[in-house]
Every structure is written in structure tokens, then in C-alpha cells.
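One chain, chain A, appears in both complexes that follow, with chain B as partner in the first and chain C in the second.
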Partner chain A sequence: MEQEQHHSEKYHERHERIWFMFLPPFVWALHLLACYLTAAIWCAKYSGSANSFTTVRIAIGIYTLLAIAVIGYSGWSGFRRHRHLAADLSHNDDTPLDRYRFLGMATFLLAALSTVATLFVATVALFFGNCD
Partner chain B sequence: MKPDDMDSEPSNLISEQDRDSAEYRRQSAERLLKAWETPRGWRYWSAVNNSEVGLWYTVASFCFFLFGGVLALLMRIQLAVPGNTFLTADQYNQIFTMHGSVMMFLFAVPIFEAFSIMVLPEMLGARDLPFPRLSAYGFYSFVIGGIFVCGSLFFDAAPKGGWFMYPPLTTSYQPGIGADIWLLGLTFIEIASIAAAIELIVGVLKCRPPGMRINLIPLYCWYILVVAGMILFAFPPLIAGDILLEMERAFDWPFFDPQRGGDPLLWQHLFWIFGHPEVYIVFLPSVALMAMMVPTFARTPMVGYSWVVLSAVGTGFLSFGLWVHHMFTTGLPGISIGIFSAASQAVAIPTGVQLFCFLATFTAGNVKRSVCLHFIFAGLATFIIGGLTGVMVAVAPFDFQAHDTFFIVGHLHYVLIGGTIFPIMAGFYYFFPLVKGKQLSERIGRIVFWLVLIGFNITFFPMHITGLLGMPRRVFTYPADIGFDTLNLISSLGSIILAAGFVLFLYDVVRPRRNQPLSERNPWKAGTLEWLAQMPDQPWGVRTIPIINSRYPLWEQPDFVRDVDEGRFYLPDAVEGRRETLVTTVIDAEPIQCLRVGGPTFLTFFAALFTGGFFIFATYHWWLAAILSGLIAIVVILTWVWTGTAEIPEKEMKDVGLGLSLPLYISGPSAVGWWAMFITMTADITAFVSLIFGYFFYWTIHDDFPPQPLPGPGVFWPVTGLVLVMIAYGLTLLSRRWNRAGYTSAFYLSLSLAAVFSLAGGCALLAGPWLTGLDPTQHVYPAIVWVLTGWTVLHVILGIIMQLYCLARRAAGKMTDRWDADIVNVSLYWHFLALTVVMTVGVIAGFPSVS
Partner chain C sequence: MKVIEMPAASDAVKAKLICAGILISGCSGSQSALSPAGAGAEQIASLFWWMAGGATIIWVIMIALSIYTLHLNPDAHHRQKSALFIIGGGAIAPTIILTILLIYGLNLLPALLARPPAGTLQIEVQGYQWWWRVRYPNQSGEPIELANEIRLPRGEPVEFILSSKDVVHSFWIPSLGGKVDMIPGRTTHLTLHPTKTGRFRGACAEYCGASHAYMNFTVDVVEKAEYDEWLAQQSADRLAPRNEAAERGEELFLQTGCGACHTIRGTEADGTIGPDLTHIGSRNSLGADMFVNNRENLQNWIAHVSALKPGVKMPEFRALSDDEYQSLSKYLEQLK
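Entry: the complex of A and B
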């Protein structure tokens, strides 16, 4: 009972940051937009010079590293929340701890999906060497 | 008393309160029923209760579905044989345009909102959604707009530019009012859709029953949250596009005219930033329906709840990264195509995950046969076929070949009918008892199912082949002997079978059922709250607002139904005769307020009527009538807000039962009104950002944009406007603070000054382009500057109206230092307005000097 009370304080919803769960897909969206805008603006404004596309590729590489770093960090912390203090890994119960762990799991899964989707988009820069 | 402590045995805890006597229960039920009574006679149409409005909304959107279906049949008759003269080319153009527009805007999106308005409160164990009158307003707007748009077909005046209205076809080659009807009529309906989205988001976040933490909410609610969120970000770009296109059509502002610097591709971007998420906006609610039905028929909880949540949220996000795949053939750089092709492939992952969860649930459970299940399986199979052809067309080289052929028609109908219509049919069979208290016929249902499934496949499968053979879409006929004849005839015959299925279904829905016995309660033995409903259902939503500690309370909480029926939870009574429901916190659903919601009124109808008048008169360029109608709409809406919101209660706290007392009035970020304002303004700022996107789009395609030497609007006037509006913003925030601190005269002074500064700021903003003589018909640069300025000034005017409203409320004693929701919400509006002004001035005055 004492432990339960301790939990309901420690995992009280006022400490919860629900937007953290949406951070990985949001970073994916930023990454997609950054890649697209960089490529589109570059191709519209500077497509004349032949070797210049390397700049776009480097830019996309940097965006991807940054994005994966943030997504990876959120995924890792989500995973740790999911595994937090748990004998079994379900989170179907009506306790603040289960809710805390559920949001961790959701963050982790979204981070995994966002990683795949981000790499999908980044791969394109490996195949395309110019604007045509 | 915290709900956590309550969930073991609620019945013991309230026994001390003398609420156990049968007499008390009867009286409290009577009082509750009186408060929630549906008006009778002609006043019935003043009802705002979610069960009434949701039902009207569902019926109306289903009628539009039937209308769209008839249009489809006309097209199939025309295409049955080569060289057919059943329809003229012009009629055919109108019909295919209306078919697409009706099915998307008047059926697919509204039916989800309609249905959610109807069942969401029941699923959440709530009495109603937080803004019932807003739902009613949305419904009337939808019906008025829908009838206006559809009616045009009978006067040979319908839009004929395809459901995506591409310029320059719709600007230079279609002088009639068809495109205007589409642009203005559907913008009106989109506003109604956004209204419903606000209602649903706030409903899911703030009106859950105590104990329903975010890890316990029904999967349907997760999907609703995602879809409503998507509407907020998807519809505004289209509204922005509509504004630009209508300005070009009505006033010759050249946004899409290449000769004056415009570009038709901008429309395609704006349209598809809406249009692709739209596909998922249409599809996800149907998955949501399946997510409710699958566990019921498998008799076991959903396998992988978190994975389904992942799918819903993941699909919602990824669907915004796909829009360019509708534009593969417009000559974009290869790398842009590649980026969006990759994103289009990625969306298959979350889409697949949820289907695997459903299949796993079936495998884990003990499946019960029913027509619902037939439709679910057919839906899954059909959708997978459509999904796979979708992956094919996401591959750009294949898309180059298949673009604008019947292959696409086949693909999209597999996705939409499989992914949307079949689950909706299943939903009709499943939820019908909840609405009518009686079941649809399983026997007729099986015949309907086979007719629809067979008819559908015969109609649409051959289209893939016709398309690969090269038959283009949207062409009213084809010559004989080039290989299209037989396939088209087969498609047309199939469509008759499909139609027969729907006619039989319609018969089953409307046939008299006087002799049919009432359905048993919870006929499918489901585990979620909506099946607490009695047969036939009562208007109160739920007898008492329960405490939840499981995802399937009807399965897992002992004596749950009895405790609800006997009124043993929260708010079992309506002592003051008011309509009340609980507001809870977003994450853990702790009760924080007893919310009083609005009752029956005709104000919402008149508000919708005159809002509609504004759009409809504007279509015919009857500007005076349009402006007059718009002004009346504003007056009616202000009356509605004045009389129906932020009412000062007769007491601070109310006993809601189980020893809990809750405030009747809260303001600020915990209040539903604050959330509604926040969400509305998020949508609003998205539309504005879409206009800004337009500005920078022109910058990317032109070497001299902004043109040199700069024709306007200069730096002085925009910056003066910015400073004045920011002073007004600061004064508005101060007035909120001074009001709360009880400095009454300081409040009046600062808010009045704020209104004056706002007015001056608005004038200064207009002075920029006006005094520099920017002519919006000359070139796209002045046109986009005027649009950004106009948008901003319009919002400043709204800000002034709100400031004056707060002054009047305070003077009338309807707002005080203690009851200050009005000024708190207006301040929130002003945060967004300040952001808008900063961005506008930054772009129109700042960007030309840095670029």
C-alpha cells in the first residue's frame, strides 16, 4: 500500500510529458522536409553547376545523423521506461506505473518506426547523384 | 476521494449515502431524464444532444453516399459500350467531378465525424461531448453546404474540373460558376469538419470517465485522436489553396497564372498536402471500427494494444510525407521523387502492423460468426490488394506508366471500398442495435454481403487491366476495337450487382420493424462502455459516469453493469435540472470539473444558415448579400456565445457523488474552452503557414522574387503595424492579469486601449501595400503580399471583436475577476495573433531585404 502511494506520487501525471511520445515521428517529419526543401531549392537555384550536388548529399547526411541521434535517444529512454520496475511487461492495469511504462513503450515503437522511415528517405541520397 | 481508491468496490462505499433506496433511484433517474429530454414536435430540430445530431449527421452523409453511388452508376452506363451517347462529355465531366467530391467531402470524412459524435460519448461513459451546440452547428453547415454543392448538378452548373480542381483547367477554361461552387461550398463544409474535429479531440482528451488512463482508452479513441489531429493539419492547406484559387477566379489575382508569375503547381502542392492525408483520414476511422469489432467477435482483448497505437500514430504522421507521390509526372527533380517514393513505401509498415494485430487477435480468440465479421474479412483482403497496388504506384517508373489511367481508378477503389466502405458496413450491422434498439437481419445481411463483394470485384478488378491497356481516366467515351470493350462491359455489369447489394441493404435499414422484438442488451457480448446502452437507449448517454480500471470494463469489472444501472457512480442525478458531465485530466483522467453543457437551441441552425449564406452568395458574386449574411452570422454566433458559454454558476462546487465535490467553472489550460481555442488556432495557423509556403514557393521558382526594385510594401508601415499590434497584445495580457487581480478600472482602460491600438495596427498593416500602390492583378508578388496582409488584418479585426466582447461581458457582470474564462481564452487567441503578425511582417517586410 505504501509502495503504491509512493508510485502514485512519483509517476503522477504532472511529471508526464506526453509530447515526448510524438517527438520521434516529428523529427522524421522535420528530416523529410529538410531533405526535400534542400534538394528542391538546390535544384531550382543552383542545378547548373555539375559537381555541386555533393553539397546536397552532405547536407542530407548531416540531417540524417542528427535525426537518428534524437530519435535514438527518445527510443532508448522510451525503452527504459517500458522496462522500468516490471516483473511482467504488460501495461494493462489501472496504475500510474503501467501508464508510465505504456507511454515508454509507445515512444519506443514510434522511435523504431521513425528510424526506419528516416533511413528510407536518407537512402535516396545514395542513389541520386544529380538533379535530373 | 481519488478514483484509484474507489475501484475495488464502489457499491460499498456509497451505501452510507442513502442512495440505495429504490425510491431515490427512481426519482434521480426521472430528474436525469427530464434534463436530457429530447424536444418534441417541430422543436425536435432544436436538439443538440449527441445521439440526435450524430444520427442526423450519419443519415445525411449516408444519403450523400447514395447520391454519389447513383452518379457512379450513370458513369458505368455511359462507359458500358464504346461511343455511347447516354451522357454528353460535359455531363460526364460534371458527374465524375461530383462523384469524387461527394464521396470524399460529403460522405467519407463526415460519416466518421457523424458516427463518432454519436458513439464517442457512450464509449467514454460521458453524457455528451463538451460542445454539443458546436456539433449541431457543424451538422447544419454540412447539410446546407452539401445540398448547395449537389444541387448544382440539377441546374447543369456543377463543377467539372475533377475532384482536385487543377488550374489552369479551372481558371482559364471553365468560366461558369461550377468551380466557384466547389471552392466556396466545400470550404464551408471543411470548416464544419474542423469544428467536429475540435469537438472530438477535446472529447477524447477531457471527457473520459475517471480511471480511464491513457493506456486504457478504447482503441477507437486513439484513432479518433489521430484522425482529428490530421484534419487540423490537412484541411487548412486546402482552405488556403481554395482562397488563392477563388481569388484568382473572382478577382483575377494571378496565383496560378504563369504569365504573371504564378504557378499551377502550387495548387497541386496545397491540394495534395491535404489530399493524401485525406486518404488516411478516411481509412483510419474504419480501422478504428474494426479495432472495436475484432476483439468482440474474437471474445478476447486486442493483441498488441501498444502496437495498434503505434500504427495509428505512425500512419498519421507518415501520411503527411507522401503528398508528392501524386505529382510524380509533373517534372520534379529525381531526388524529390525519390524522397517521397521512399516515404510512400515506409507507410506500408504501420499500416501492416495493425492488420497483423487484428489477425493475431482472431487467432488468439474464439471467433463468432456474423455478417459484421464477413465484412471485416472482406475489408481486410480488399484493402491489402489495394495497398499492394498502392506500393506499385509508389514506385515512380511504374507510376509514369499508370498515371491517369483506369489502373489508378481500380487501385483507389480497392483502397477506399476495402479500407473504408466494408468496415463501415460492418459498423452498421454492429452498431445498429445501439441506435434503433433492434438488429439488422443476418439473413438479408449475408445476401447483401455476397452481392456487394462479388459486384465490387467484378466492377473494379477489370479496371486494373483496362488501365494497363492504356484507357485514360475522366474521358467520357472510347472507340470500339482497341481492347476496352469487353472489360468495360464487365465492369458495368458488376456495378449493377454492387448496386443491387446496396439497395437490399438500404431496404433492410429502412424496412418497418414494428413486429421485430427489441435486441437483447449488449447483443454481441462486447466489453466496451458503449454497450452499457439500454435497448432502446435513453437520451442521457449513460445512467451514471462510471469508474474504469480496465480496457474492457464489461468483461473485466465485476457487477459493473448493475452498478451503473443503479446509479452507483458519479453524477447519477440532475438535481438542478441541468445537463452535466465530468471533465477529467488528459493523461490519468482524474475528475477536475463538473461541466454544464448547452441544451436545445435554434441558434446553431441560424448561425449555420447565415454562415452558409455568406459562402453561397459569394459564389454568385452578390457581394452585398454575402457581406450582410456574414454580418448576421457573426451577430448570431455572438448571441450564442454570450448566452451559452462561460456561465457563472450559482455555487462554486457541486457534489457529484461518491463523496467528491468538483468546481462548476474553471478557466485556463484545464478548461475545455481553452483547449477548443488552442486547437482552433492550431488549425488557423496551419492555414496561414500554407500561405507563407506559397510566398516561398514563388521565391524558389523565380530568379527575381521578390522583384527588384521592390514595388512595396516597404518596411515602415508593416513595422509600424507590428509595433502597434504588439502593444495591443501586451495590453490584452495585462488586462487579463489586472482583471484577475481585481483592478477593475485598470482592466477597462488597458483593454479599451488595446482595441484602439489593434485598430491602428490593422490600418498601418494595410497602409503598407496600399500606399505603395501594389496592384494584386499585375503580378503574383503583389497578390501574395496582399493575401498575407489581408489574412492578418482579418485576424486583427476578429481580435478587436473579442476585446470588445470581453469589455461588454465585464460590464454586464457576466465576467468578473473570479469568473474570467472569456479574457483567458481571448488572451490565448492573441498569442496566436501575435505570432501571425510577426510572421507576416517578417516575410513581407523582412524577407525582401535579406534575400
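Entry: the complex of A and C
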């Protein structure tokens, strides 16, 4: 009973940072925008006669590494929250602890989706060698 | 004798049949990406069929699983196995399939977008609301200017140099290849490689105003010798009027101000606002592939252009008499 009260207080929603769950898709969107703007501005202003795309590829590579690092950290945090004080996958009870674990699972799944989407965006740069 | 009455098809069935008919009609014809006549279009059609085939397989598997879980084995399933199945089939498998399709699709693009080798035939196309200015290279000087119609030699790459003089248009000949936007202030490129002779249809694929749907063109792919002969004919000045009505038509053309917007090489008419009409009589269609090119449609076009093509810049010449309309249309018709 005492432990339940402790959990109820420790994992109460007022301590939650719900924005943390949206960090992975936000980084994915930011990565897409950065890649798009970099390629558009480079090709419009600086590509030169050879239409070289190497600089843009390097930039997209750096953006991707940074994005995957942030998304990976978020996903790992979410996974750890989901596994917190429980070994099984279920989090169906109407308790602060289960809601805490559910948000962790949601963060982890969003991070997985964002990782795939970010890599899909970056893949485009592998296939294009110039601004044409 | 007993007559068996067949039940009348419901409205829903009729609607489905009509929709299926419309969809199937898109699989062939002069404006179908699924009936390729060019190297690029063949690759795009191949991509489409691979994706359609993959989607069909996934659909069949999903329906089979639904039938299995709802009807064949509706009892409770093993929790952990089900969870693994959901993760595998719902997340991992789609990711792998999408990755393969993405790489396959992206792999096609560089070849489709690559610039052609030096010496390739270059045709300049400018988009206007709502027609196409087409310029062919001319060894002996100024480019040969035509409109709303393109002729290409079979078996050779052709590079289109695309631009727009007003709003964003998009140049697309579905049977020959992909589409490329025509952007004001920029020049874009598209290389096509026709592999079959025939008549195809091109269209503006980017909404560009009231008469966007009327901004089309025909494309004739012919053998090289026929192409050279045609281009030589198109590069010549206009044919002189052959009869009295056509002579009157030319006089009217010059007197009523048509020449301020249109060029007819070999006359004083040298306007560049509208399409070049030097060989309008030899074209397949009128008004950017709106009507068959004949005398009656020419006359209607001159008299009722705003009603036929809303928003068009050409004014209607309502002050002319019927005889004058006829003279003008006879003159334009014989400009082969």
C-alpha cells in the first residue's frame, strides 16, 4: 500500500514532460526541412557549372548523424521508461506507473518510426550526384 | 415457355462498372504512362507494375489473414506469438518492403534525369497560359518556331529545354517519359528517347489557371528521314495564297491587326505574343489540341475564342462579317 502511494506520487502526470514523446518526429521533420533547404539553396546559388552535389551530400550526412543521435537517445529513454519496474510488455492498469510506462512505449515507437523516415530521407542523397 | 428474368443491376454495381471502365481505359491510348513508347516511360511503367504487383500480394495476404482470424480460427491466439506476428508483419516487413521499393525507385531516377550526350537534338519549349511555343534548332540561322505540336525522330534521344513565361506549368508526354516543371525565371531539362512511331498526347500537368485542362499538344514520333523532310518544310516561309478568298484572308489578317500578336513568315506579320501561324494549316489540331484542325473550327475559333477557351488573351473579332471570317479561315487553312 505504501509502495503504491509512493509510485502514485512519483509517477504522477504533473511530473510528466509530454513534449519528450514528440521529440523524435520533430527531429525527423527538422531533418527533412534542413535537407530540403540545403539542397534547394545550394543548387540555386552555389552549384556552379558542374552542378556538384558533394557538399550537399556531406551536409545531409552530418544532419542525419545528428538526427539519429537525438532520435536514438529519445528512443532509448522511452524504452527504459517502458521497462521501468516491470519485465512484461503490458501496461494496461489505470495507475500512474502504467501511464508512465505507456508514454515510454509511445516514445520508443515514435523514435523507431522517425529513425526509418529520417534514413529514407537521407537515402535520396546517395542516388543523386548533381543538381539536375 | 418459362422466361427467366435476370435481376436488374443495382445502381452501386453500375457505378462500380463505370468506374472500372474508366480506370481500365487509362491502361492504353495515346496519353497513357502504361502504354510506353519511350525508354523513360518503359522504366516508369515497369516500376508501376512492380509496385502494383507487390501491393496486390500484400493485399491478398492481409485478406487471407483476416479470414483466418475471423472465420477459420476465431478462438484466442497465443499472446506472445501474436505480438511477434504483429511486430513482424506490421512493422518490420513493411519497412523492408518500403526500403526495397524506395531503393528500386531512386535507382531509376539518375538515368531518367541524366543530361544526354553532346550533339543531341535540343528542342526548346516555352509554356504560356494556355499554349506551347516550340523552337527547333536550325543549322542556317534563327530557330524554327512552331506551336502546340511536337514532332520527334524515332530512336534518338531528344533534350527538351523547358521554361515558362507566366506561371508554373509542367511538361508531360506520358507515353514517352516523366514530367518536368516549367518554372518562370528558370530553365529545366528533360531527355526523352522515343522508341516507337505513332501519335501521342502531351499535357500540362500542373494547374495553371482557368483553361489549364485545354493546354495539351500532340506528339508525332516518325522515322528520321520523315522528320528531316517535315522540318525542312516547316522552316520555309508561308505558302502564298492560292485563290482569291485566301488572298482576301491574308489582307484581312494584316489589316485587322492579327500580325501584332502572330507571325506568318513571308508576310509583314511578325508578332510574338501568340503562336506562330506560318504553317498552321499543317497542324493536327487547334487551340492547343482542343479541336480538329479544319475550316469550320478555325472560323469558330476566331469568332468565339473567349467562349471556347476561358481566360485566353486573344480578343474576339466580332466586327468581321461572315464572309470575312470565311476568307480568314480559308487563308489559314491553306497555310500548310
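As a working rule, the second predicted complex is superposed on the first by the 128 of 132 C-alpha atoms of A that agree within 3 Å, B and C clash if a C-alpha of one lies under 4 Å from a C-alpha of the other, contacts with A are read in each partner's own complex, and residues count from 1 in each chain.
In the analysis below, contacts are C-beta pairs under 8 Å (C-beta built on N, C-alpha and C of every residue); 3 or more make two chains touch, one makes a residue touch a chain.
Given the structure is predicted, the values throughout are model-derived calculations rather than measurements.
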Query - chain C versus chain B, contacts on chain A by residue - result: B
Report task. With the two complexes superposed on chain A, say which partner A:72 touches: chain B (first), chain C (second), both, or neither. Result -> neither
Query raised in the report: Which partner does A:128 contact after superposing on A: first (chain B), second (chain C), both, neither?
Result: both
Query raised in the report: Which partner does A:102 reach: the first (chain B), the second (chain C), both, or neither?
Result: first
Report task. Tell me which partner A:116 touches in the superposition: chain B (first), chain C (second), both or neither. Result -> both
Query raised in the report: Where on chain A do the contacts with chain B and the contacts with chain C coincide?
Result: 116, 120, 123-124, 127-128, 132
Query raised in the report: So in the complex, which bits of chain B are touching chain A?
Result: 4, 7, 211, 213-216, 301, 305-307, 309-310, 313-314, 317-318, 320-321, 324, 332-336, 338-343, 345-346, 349-350, 548-551, 585-588, 590, 700-701
**Report entry** Sites on chain A touched by chain C in the complex
**Finding:** 89, 112, 116, 120, 123-124, 126-129, 132
Query raised in the report: In their shared complex, at which residues does chain C touch chain A?
Result: 83, 91, 95, 98-99, 102-103, 106-107, 109-110, 113-115, 189
Requested in this report: Within their complex, state which residues of chain A touch chain B.
Outcome: 8, 13, 16, 18, 21-22, 25-26, 28-29, 32, 35-36, 39-41, 43-45, 47, 56, 91-96, 98-99, 102-103, 105-106, 109-110, 113-114, 116-117, 120-121, 123-125, 127-128, 130-132
